[in-house]
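In what follows, subunit A forms one complex with subunit B and a second complex with subunit C.
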Partner chain A sequence: MTDSDETPIFDRLDAAIAVEAPVALATITEGPGVGAKLLFQPGEPVVGTLGDPDLDRVVTRDIEGELASGRTGVRHYGVHGEANETAVAIFIESFAPPPQMLIFGAVDFTAALARVGKVLGYRVTVCDAREVFATRARFPMADELVVDWPNRLLDQVGGGLGARDVVCVLTHDPKFDVPAITSALETGVGYIGVMGSRRTHDDRTKRLVEAGVTPEGLARLRSPIGLDLGARTPEETAISIVAEIIALRTGRTAPALKDTEGPIHR
Partner chain B sequence: MTDSDETPIFDRLDAAIAVEAPVALATITEGPGVGAKLLFQPGEPVVGTLGDPDLDRVVTRDIEGELASGRTGVRHYGVHGEANETAVAIFIESFAPPPQMLIFGAVDFTAALARVGKVLGYRVTVCDAREVFATRARFPMADELVVDWPNRLLDQVGGGLGARDVVCVLTHDPKFDVPAITSALETGVGYIGVMGSRRTHDDRTKRLVEAGVTPEGLARLRSPIGLDLGARTPEETAISIVAEIIALRTGRTAPALKDTEGPIHR
Partner chain C sequence: MKEILPDLKKWQKAGRRIAVARVVDVDGSGPRLPGAAMAVNEDGEVTGSVSGGCVEGAVVMEALDIIDSRDRRMVTFGYSDDEAFAVGLTCGGTIHLFIEPLDW
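Here is the complex of A and B:
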């Protein structure tokens, strides 16, 4: 591929980065077509080609997920995009801030959720007004630790939250979680999960309605939080939460692949 | 609590540890009843009490999960076992080897699955016959790296695999995965997940039947592997796999808690 061919790709890349629009670039680093490039922007036709239409299709699918997670790394494929073959190595660079995970409540489940959030590429913030619980020693894996009321943090950062970002309310305390939820509902955050037993959920729903939350607002809440995996440990609960986040973002209702029909990737 | 009261608990603990039977001990370390103990063994009535019947019930439920994961740590409760309250701190000690996760295939998905497996407390082994792929540099998080054929590894360690252990076949290559699956089916492993597209699955199923695998054997396989989360990145795929493992072990079919009825913990 010559520079002149690549010019439009780098122009688009520069332009997107200049306005901080999410953009990802795929480059063949090993195998046939080394140097071939494909540029992806959400909602835009891809620019360039990796030299094979099937490979382009598969990589375009994967690059969307990598970009959504703000991740950069090497993926391997067959020459026509076959899964788990290694004929082609492709370096996928995501130019986008990582998605945000805001966890409200420094409880037993918080550290496990923060660890799993980090594996998935989130920038993780743990927020709790109780100074004695929200300590760096308990949450060394958190990118940010905020000792303040959740609604006060959301008043500051809520405007920057979008579809890729998530809010997890683990406090179980109406004093904290009602204002946290009402503030989260005023943002464009893609996921709002709220922890609690069925009884806690029913009681909290009453309080939210009293606080003026509409049926549309209530419908946005994933409460009780998580997929019904029968999770018992904090780590299993964390998996049930991020599994729900992934399924919600991709529009799945999350039965087992073993029990469903149709292609695994759409 | 006096020594004479505790004697039966420590007797039971010593006896279980002596024969390497899984056993867990819960001790109140903060709050009312400091030093109170409860001992749990799968299939046995609990020994001792934490001083409150509701607290005993909740902790007995949680301790079972902690023991199954081979985990030791502090959990917090209200005085009657209320979730996410902190009146009581309980130190749960699990005396059991960690569950095993055997991952066959050193592919793009393997490192992500190994990382998530470690969060869940598994001892993770990555096995691939291809020396160039099964390298420590690619899988620093694995507890063990085996460069050999999966069936040869299973011939060695398969006898020690039980209901808590899992086998994940990510190879996509019939040359490796058919013997890996037939060998795994000869063990008591609790979960056998096999990666692949629908087409790969159908082709592999034919080969497995030709290799003498019975319908009962095929029914044991989770193939295609994972919950249908619409996972796109290796990390999201890893979450879909462990979510399926958790749901299978707890007997759930994994819809969202938001859309199901009844108590969250059974």
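Here is the complex of A and C:
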């Protein structure tokens, strides 16, 4: 709200998003001081003001919780931050870091899935222990390329995986699959999809049971990976995988809208 | 807003005046969630979207007005029987947008 060309809050927001740091922006949308802003970044002093020190203090407290849970929406306050009053409407927009897609196995399907993962906003990591396959030339679209055993990568990053993140095991080689899956099951990752034919699936299930995976663990696996779209090409298969990821998140069974009733956006 | 940042910076660099429209609330069936954003520059160029294409045309008109007036305001789009010919969402929902100049 300055007369100059400077946009200090926007610049800080842009800089935080560029390095994938969590950041949240509060904007007064209704009430006194419309347009006033406060930018919150964990561990940093807040930037901007909503025009009242008490309101700033209360919103700074609330915005931290909103950002932690990735919520975006409107909250109401009194002009000095009073709860149960509605004089001021504040839009709090959380910019959580992108969710992670870890793809294990540098196979033909990997590049297509990595591309589709990028389209959906994932930070994509491709991991394969075989140096000749896991090359930058084959996977230029990946944010990160790791030449190592998937279970060793999970030992490092598994603790940070949560409900929004996904693991896709495309190796369909039991030597790599079994340790990768057992490691993935120890994390809080929201989706674990495992590629393979019905026969590969049956054989792998046997090996997983031998490795000590419980029925609850097996039930968590989406194996064979993907929705039954009749996909054949790597690109079609990638769509069937991400369609399953979306359906799992929303709790839908993924029939055609033509065959269902009720509002489309729920 | 994330996905429109590159265009916003490009326009800023070129010295264009810009208005940003953000979905802050949705009632009923709406195609985009709060946080969806579009922006318009003084030349009428558009980036991003706030619905499934139902109200973007009307948002451009509002945004150009806001670029001129330097005003900032809430704008609501939705369908009701009384205003069958007004700009609405084909999905039957209502979206509340906050539109303001990029001057912050």
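Note that the second predicted complex is superposed on the first by the 172 of 266 C-alpha atoms of A that agree within 3 Å, B and C clash if a C-alpha of one lies under 4 Å from a C-alpha of the other, contacts with A are read in each partner's own complex, and residues count from 1 in each chain.
Definition applied: a residue touches a chain if its C-beta (ideal position, glycine included) is under 8 Å from a C-beta of that chain, and two chains touch if they have at least 3 such contacts.
Just so you know, these numbers come straight off a predicted model, no measurement behind them.
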| task | For A:34, select first, second, both or neither according to whether it touches subunit B, subunit C, the two together, or no partner. | result | second
| said: Taking the superposition on A as described, I'd like to know which of subunit B and subunit C A:72 touches: first, second, both or neither. | reply: second
| request: Figure out whether A:240 sits in contact with subunit B (first) or subunit C (second), or with both, or with neither. | output: first
| Looking at the overlay, does A:93 come into contact with subunit B only (first), subunit C only (second), both, or neither? | second
| query | What is the contact status of A:10 with respect to subunit B (first) and subunit C (second): first, second, both, or neither? | reply | second
| query | In the superposed arrangement, which partner chain does A:112 touch: subunit B (first), subunit C (second), both, or neither? | reply | first
| message | Per the contact definition in the header, classify A:263: touching subunit B only (first), subunit C only (second), both, or neither. | response | both
| said: In this superposition, which partner touches a larger number of subunit A residues, subunit B or subunit C? | reply: B
| said: Taking the stated contact definition, name every residue in subunit A that is touched by subunit B in one complex and by subunit C in the other, in rising order. | reply: 74, 263-266
| query | Residues of subunit B touching subunit A in their complex? | reply | 61-62, 64-66, 68-69, 71, 74-76, 83-86, 105, 107-109, 112, 115-116, 119-121, 133, 170-173, 195-198, 200, 221-233, 235-236, 238-240, 242-244, 246-247, 249-258, 260, 262-266
| note | Residue set of subunit C touching subunit A in the complex reads 1-2, 5, 8-9, 12, 15, 22, 24-25, 28-31, 33-35, 72-74, 91-93, 98, 100, 102-104
| query | Across the complex, what residues on subunit A touch subunit C? | reply | 1-2, 5, 7-10, 14, 17, 27, 29-30, 34-35, 37, 48, 72-74, 91, 93-95, 263-266
